[in-house]
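Data first, discussion second: the structure below is written as structure tokens.
Letters A, B and C mark the chains as written, and numbering starts fresh at 1 in each.
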Amino acid sequence: MDDNVVGRAVSRRSLLTATAAGIAAPAAVVAGTSLAASAASGVTRKITIYAEALPGGLYGYGLAPGQATVPGPVLEMWEGDTLEITLVNRTDQRLSIHPHGVDYRTDSDGSPFNASFNAPGETRTYVWASHEMVAAEGRRFLPGSAGYWHYHDHAMGTDHGTAGLARGLYGALVVRRRGDQLPDKQFTVVFNDMMINNKTAPQTPMFEANLGQRVEWLVIGHGGTFHTFHLHAHRWADNRTGLLEGPSDPSQVIDNKDLNPGSSFGFQVLAGDHVGPGAWMYHCHVQFHSDGGMAGIFLVRNADGSMPPGAEDAIRRFQGHVHGAAAHAQHHDEGVQG
Amino acid sequence: MDDNVVGRAVSRRSLLTATAAGIAAPAAVVAGTSLAASAASGVTRKITIYAEALPGGLYGYGLAPGQATVPGPVLEMWEGDTLEITLVNRTDQRLSIHPHGVDYRTDSDGSPFNASFNAPGETRTYVWASHEMVAAEGRRFLPGSAGYWHYHDHAMGTDHGTAGLARGLYGALVVRRRGDQLPDKQFTVVFNDMMINNKTAPQTPMFEANLGQRVEWLVIGHGGTFHTFHLHAHRWADNRTGLLEGPSDPSQVIDNKDLNPGSSFGFQVLAGDHVGPGAWMYHCHVQFHSDGGMAGIFLVRNADGSMPPGAEDAIRRFQGHVHGAAAHAQHHDEGVQG
Amino acid sequence: MDDNVVGRAVSRRSLLTATAAGIAAPAAVVAGTSLAASAASGVTRKITIYAEALPGGLYGYGLAPGQATVPGPVLEMWEGDTLEITLVNRTDQRLSIHPHGVDYRTDSDGSPFNASFNAPGETRTYVWASHEMVAAEGRRFLPGSAGYWHYHDHAMGTDHGTAGLARGLYGALVVRRRGDQLPDKQFTVVFNDMMINNKTAPQTPMFEANLGQRVEWLVIGHGGTFHTFHLHAHRWADNRTGLLEGPSDPSQVIDNKDLNPGSSFGFQVLAGDHVGPGAWMYHCHVQFHSDGGMAGIFLVRNADGSMPPGAEDAIRRFQGHVHGAAAHAQHHDEGVQG
């Protein structure tokens, strides 16, 4: 299993290879999963992130100059590890990087409030640590850092980074607990105001996997509007991992979840599990948001990677689809007269 | 207990008797609740649903011609069972039926995206399967289909069924896990834009039960606005069933829950448990929504079905109650000046 | 440990000392935490609450005449206890007190719907009972009353108390389960429309604790708008207590949670745990809400109570911070152009 895990870990982390020196180690640690052992196994990984302007008034984070994307790269840690991030601000704007879930001192807060940001052109280091659960009184435990978190700008435009968030400075941060299963593929979906990853249909991302592949969804909300994330034909447990932690896990099983500013969640599904291959929709379930273009495609190919019947037609339909103000107006109309 | 369960199952499913051939069987299965056994016990039930136009510009689903209602009938399955639905479109509109939570192929997706809908006057079959949890790596399980789900149109007005939803094409879908307790009564509550079941107070439904009866609430959100569902004097665990799955179930106990488009949840309470009989309110807790008419009555009668003191006065007060634009305007006023 | 607990209980309940006769007893009960024993230990505490007008058009609840505050005092019970509240209405408005989570008869509902309110100048008694979980079928339990609940007016301005809530008639209600840990400090945070505790930055409360103190956050949503509560550098389990109920508790660990009208939650953290002392922000994560002033400071002092480096500068920055309509307008701008 180690080889598998390490193999997967390396392959699926292509974005990180430039800085993946530390990767194999923590991944290998999965083999020995005792909580006791793991504290010792905390490693510190140093990476450099470049904040850059992109076409269309967007900004992005990238792991090498000229490679900024919206959303930024998926950053991952094992509970107990530390990420030391050198942020190079290649823009003419004040910006920063602020994480959710992990441990940082005030000088890594990423907020102007704590004088923690990069001036235009400035390079600055932010340190994100993490820890495992700690036994407390009774049978209780203080929570560890494991979670499907995210990071974002907290300084551009306003002291809360409203302009940086609106323009694309955000990404997923995954902190794994020893023993957590690694996925075959990862998709980052950010509902940001009325857009998905700052795009609207039909330009929204089409995520692809082969039947049965273990797919990890990293789902993040930003901006000033409220949403619900719905995925067709797949379901997950509303808990830390999306899997049931034993037969008596009381978690509700869901396929639609509130996705609001600053929140994030993640889950793993087997692509097409119990439903088969095909082109499946993911979308905001707020009617005038989906009508307005907050929808995309999860393409589940056959196990051999070939296209299942009907999928190409569905994609063609989606790309020809009319969205926007018209549908939006129509809704309000209907909303009122019921 | 078997007799009880079967008795209840049949009686409370009056809506389904026309097609209840398969009902006694799965209900009886409750007696033998081993997960091993149940996989074998999956049955396929065939039902016909009629989509029809209703007065006031509404549309509804029904289990027989001329019986369409808003919301549509409660549909139920046991994990492992399959529901084969023949949808007869008796309207002049394009429409469909799209389920949450269960397993379906792309041709039962109910979306124009997958060319899965009924043209005006067309009859089409949709197949909804379900499955139990599946053991995965470690002690983990892939979630089964059990849940308080829902179904709705995904084709009228827009490719997301915005017009069909606004006009009443929705209903509850319950998938039970072996061993789940059957209720004495079921109430379906749909917060749809600024209405409850497409009505506003005082026309909203009054749900009735006798003291101590096991009541199951099926709560669904639709449309384009956000809500919180509050029930007076009753509380439930925020998990799959509303009951605690043992003394160390960590779930929060709540009496107010976010209810947003495309989401659903359910729970069972004993009517009047620890509080006694009376007329209790359920309402959206967003102040200008409840002031605007998103409120209704849960009437808990005495154990013998007689009216408790004060209930008739409360109902009369409610029916004389003034709602609407005035209260709404007043709110904004107050919201601002605090 | 008893002394500690009782000591803590008394000290941190200064607001209640005027009426704290019953306090030491239930706190002491923490020593013997068997569920069996506790049923017998249910005590009834009688308190008087005064509703009064405050400057700036606000209203508040207080435990003595002239001591009304916004939010009102934290009220606490142990599961099984009863609180008998004599509400003195010292205002010229119709008002009431309506609790979430606990057990009450219709005449303590606090709603005009049940003719349960105080006319101007009227004194009226409300009884709130509570109960522990009750074993039900299978391994299941009917939920008990333990929770981070709240109370509020349900009669001023409209039959849902919209004016009373807008003007400050709300507070936290904590019902503890035997064995629950008592905090060193408690903070009540109410997101009420676009304000925190009816204030906007920089007038929002600054909560203070020393490094390592056990701090309990009581978080409540009210009004007509939707929010997300975010706390910097601290995280909690999304369950009943905020702590993990054992190593296999499946709860997601979060630092940002939806906070909508009528909902409440609570959690305990060790101030500065794994991150150190400093001035940390708490705020609504809806961008134009935080830009508009829905932000405050959680000041974690050094263990000896002295100020950590940088904290005073951060506080000064916060107090000079520009908020309001400008930032709000700016957002919409950015939200649209993305």
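Assume contacts are C-beta pairs under 8 Å (C-beta built on N, C-alpha and C of every residue); 3 or more make two chains touch, one makes a residue touch a chain.
The UniProt protein names, listed by chain, are A, B, C = Multicopper oxidase.
As the structure is a prediction and not an experimental result, all values here were calculated from the model.
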item: Copies chain B and chain C touch via same or different residues, half shared test; value: different
item: Chain A on chain B, rotation in degrees - Cα superposition, rounded to nearest 5; value: 120
item: Between chain B and chain C, centroid-to-centroid distance (C-alpha), Å; value: 32
item: Contacts with two or more other chains, residues of chain C listed in rising order; value: 139, 226, 237, 241, 244-246, 248-249, 251, 258
item: Contacting residues of chain A [partner chain C, same complex]; value: 35, 57-58, 100-101, 103-107, 109, 111-115, 129, 131, 133, 136-147, 157-163, 165-167, 192-195, 198, 222-226, 237-241, 244-246, 248-249, 251, 258, 260-265
item: Chain B to chain C touching residues, read off their complex; value: 139, 179, 181, 226, 228, 230, 232-233, 235-237, 241-258, 270, 273-276, 278-281, 283, 285-291, 295, 308, 310-311, 313-314, 317-318, 321, 327, 330-332, 334-338
